[in-house]
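Both of the next two complexes hold subunit A, though its partner changes from subunit B to subunit C.
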Partner chain A sequence: MEILQYDFMRRAFIVGILLAAIIPCIGIIVVLKRLSMIGDALSHSSLAGVAAGLIMGINPILGAVVACIIAALGIEAIRKKIPKFSEMSIAIIMSAGIGLAGVLSGFVKNAANFNSFLFGSIVAINDFEMILVACISCAVMLAFVLLYKELFYIAFDERAARLAGVPVKIVNFIFTILTAVTVSVAARTVGALIVSSLMVVPVACAMQFGKSYKQTVIYSICFAIFFMTTGLFVAYYARLKPGGTIVLIGVICLVLILIGKKIASKVSLAAGKI
Partner chain B sequence: MKRVGCILLIGCLVLSMFVGCDSGKSSQTQNGKLSVYASFYPMFDFAKKIGGDKVQITSLVPAGTEPHDWEPAASDIAGLEKADVFIYNGAGLEHWTEDVLASLQNKKLITVEASKGISLMEGQEDEEEHATEEEQSKYDPHVWLSPINAKKEMENIKNAFVQADPDNKSIYEANFVKYAAELEKLDKEFKDTLSTVSNKDVIVAHQAFGYLCSAYGLNQVPIEGLSPDSEPDPAKMAEIIDFAKQHKVKTIFFEELVSPKVAQTIASAVGAKTEVLNPIEGLSDKEQAAGDDYFSVMRKNLKNLKTALE
Partner chain C sequence: MSNAIEVKDLYFSYGNEPILSKVAFSVHQGDFVSIIGANGAGKSTLLRLLLGELLPTAGDIRLFGQDVRRFKKWSKIGYVPQNGLSGGGDFPATAEEIVKANLFSQIGLFRFPKKVHRERTQQALELVDMGIYSKRLIGNLSGGQQQRVMLARVLVSDPEIMILDEPTTGVDAQSVQSLYELLFRLNHETGLTIVMVTHDVSRSADYVSRVLCLEEGSLVELDKVQVHDELSHKHKHPIGDEMKSQEGTDSHGNSAI
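And now, the complex of A and B:
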């Protein structure tokens, strides 16, 4: 295939599929916890970390990871204080992150550097980033499989999980750290847009079909991989920007599924009447 | 009692704001020097060379910042209200000038569009995103990268200085003559060096080198359009990789102010090196402190071009 003869496209597919496999795993828990916007909040907070890293002369990726972890723990803390309105914690952390990034960016001398962290691109991935993404994918996969039951409990009902003897605090902590690391690294590699949409859109699609938690998880990974690969193909052959294309394909799919479901239910209703 | 305290507090805040503004402004127009604002680095450098110690120059775009997406802050506008001369490159690079100049109350301000009188080149064909933008951005604004155009820009700047400050006319004229000769010398160096190179294809980060390339018979292959963007489309990258392989390009050029990730990706795909080709859109504080200016950076560019194309 013509598209795969280029190294940068092969990398885009490898990294894209790896991220498409792990981000929905995080996404489904996050959606069930009513924290769908966490991807946006964390990727914006990671910008503050990048700016701080550039100013203080430490590695900006490290800065982003640290800022993301702090932000994610902040979201958890606020969420516990106001459990009924957990999405408020995201709004608070997101505005804090954007505000801090805005102020700090004024002190960054080299704007180009800053921009490159703001907009990672899936078609320009270097060795280091590819290895980093591979490591994180393994860690997330492992954690998700090992903590499968615990995460499932917590996602649906934290209190019941605690009563059933799940170490809620530790599991939540591990999950928060994994989310933060994944978002900060993925946002730097493929752009914040792809990360925050892959967290939610495939899960939303999968929920239309999935009859159980397990099914929904598997479907959402399939959807994410489908969006990623078609997005890259379409972007390549139609000469479009890859990030936006991947996201739009996901959203179009969701809309089509919703319309299709409605028509199907009408048809079955009509069939029932006859 | 509480309310009085509140009012006092607000009063103090408002007062401190005014004080803050004033202290920012008062540093200009002192000791009889011409107060000059230049939009970004090349304009700043040219103005400094022509004006010498007779002018006090401020560069609006701060050091080390990419000028394409910069916009003035309120304090910059306040500074312009007190300035004597404002120099900008024009040709659509500083998209904010029109709005800013229209909003100024400063009647005595002399504005110089330094690229005036230079025949502008249009951007290259494959720029769909630029075709939809405003009319003014269809021209390539990077005129200063050809020394002959730079001479014209210096002349425009000199004329404005003479108009604003006729008393020092002879100084400005003498400086212009001196640097015009320097620019001609630079032009000759470029001509002599680049006429001997075997390869003529230059892959650059963004389409900034049109004037330079056309003046010396090179072929510019830009990864991005007239203003550096963040994400190229993959088909374009594939084309450039094929082109580089076919034409045996040894070096992919990138810029200091734009992220080098895309250039590095292409370079590793074709087994080429990456090297800096500076469009002199802004020099960092460090470079300026090290004594770099238009001439030294242009000579560095020439050296890098020569090694890449030999």
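And now, the complex of A and C:
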């Protein structure tokens, strides 16, 4: 295949598939905890870290990781203070992140580098970033598998999980760190403005078919990998921006699935009446 | 008979607003107790205090003889929340997955369920007559069936006390009857101690062994025979007219009678 002859495209596929495997693992818990917008808040906050990294001359991804962790812990802290309006914590941190990123971006000399984080640049991944994504993907996947039943129970019923002996605070803390790290790394590849879509859209598609939690997790990963690889192919041959193309393919699939389900239910209803 | 729950001179207030004052009662092991009271009487607050989610302003709560502040063996307490699936009706999980999750203390951190845990899950579902629905998504079950799954989730970890917060909310009339029969059977056959907050005074009175009434923050024990007689003769009930209007209605305000 012509597309795989290029080194940068091979890297893009490796990194893309690794991210597509871990983002829905974080996404499903985020969605089921009714915190879908958390990805948006963290990815916007990561931009502040990117700007800070570029100003200080350190790797912007590391800056993004630190900013994301601080933002994620901030969301958890505010969520506990005002549990009845927990979604407000996301809005507060997102506003603070955007504000800080806006101010700091004024001091960044290489604006093109900063802008590459807005919509991502998966085809411009260097060796260090590929190794970083591989290491983080392994760590996130391992943590997700080991904490599979704990995360499931907390997402379903946090109070019952505590009564059952699940160390809720520790598991929530680990999950917060995992979310922050995943979002900040994904922001570099698919873009800070798009990463939250990749958290939510594959899960939304999988929920249309999943007959159990386990199935929904597996389907989410399959959908994300499908969107990622298809998006990269389409972006390459149609000369489009890969980040946006990946997400748009996901959204189009979701719309088609929802329409298909609606038609199928009408057909089965009509068949039942006959 | 030893006390499973012992509450002495309990006071609780949200800020300056007193909710519970000088509440005292005990629940013996093997009791089936209902706690009744009008809306805002402090029933849910009392349950949250029993579960250690709130701390008393003054007074003592002891679970199996140990102060609730230092109590660690929460796996002995099974809790079925009001609207057990509030907001979780669309949660993509099967009845089996939900029940199995409560075996955490037996399975352990970072470990995976084994055959014995799967068998135990199935047994718990069969105990509440939900064995054949184990692979069904929880959102595809009726309100009554969902509540049975919530009971199985508690029963699977073999608790010594089961605390239920208005378990009949959103459950149709026929299912309410069979839910009470099931609780009665569990209490009699396994000796499970049950504490149940309910608005459904009339029907629950036939199954419980004791009735506690919260009124304006204070708690009194009602004579069960008197409760039964008054309800059957439709006399004015000591807990007030408000209770009667709330009886037999589900979360949507539909009559359950």
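Everything below uses one rule, namely that the second predicted complex is superposed on the first by the 256 of 274 C-alpha atoms of A that agree within 3 Å, B and C clash if a C-alpha of one lies under 4 Å from a C-alpha of the other, contacts with A are read in each partner's own complex, and residues count from 1 in each chain.
Rule of thumb we're sticking to: contacts are C-beta pairs under 8 Å (C-beta built on N, C-alpha and C of every residue); 3 or more make two chains touch, one makes a residue touch a chain.
Fair warning: this is a prediction, and the values are worked out from it, not measured in the lab.
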item	value
Which of subunit B and subunit C A:210 touches, first, second, both or neither	second
Touched partner set for A:12, first subunit B, second subunit C, both or neither	first
First (subunit B), second (subunit C), both or neither touched by A:160	second
Touching partner for A:84 - first (subunit B), second (subunit C), both, neither	neither
First (subunit B), second (subunit C), both or neither touched by A:237	first
Which superposed partner A:32 touches (first subunit B, second subunit C, both, neither)	second
Set of subunit A residues, in rising order, touched by both subunit B and subunit C	none
Residues on subunit C engaged by subunit A in the complex (per definition of touch)	51, 53, 74-75, 77-79, 81, 87-88, 90-94, 97-98, 100-105, 107, 109-110, 112-113, 135, 137, 153, 157
Footprint of subunit A on subunit B - complex, ascending	63-66, 230-238, 241, 255-259, 261-262, 264-266, 268-269, 284-285
Subunit A - residues contacting subunit B, complex	6-9, 12, 109-113, 115-116, 118-119, 121, 123-126, 191, 232, 235-237, 239-243
Residues of subunit A defined as touching subunit C within the complex	32, 34, 146-150, 152-153, 155-157, 159-167, 206-207, 210-216
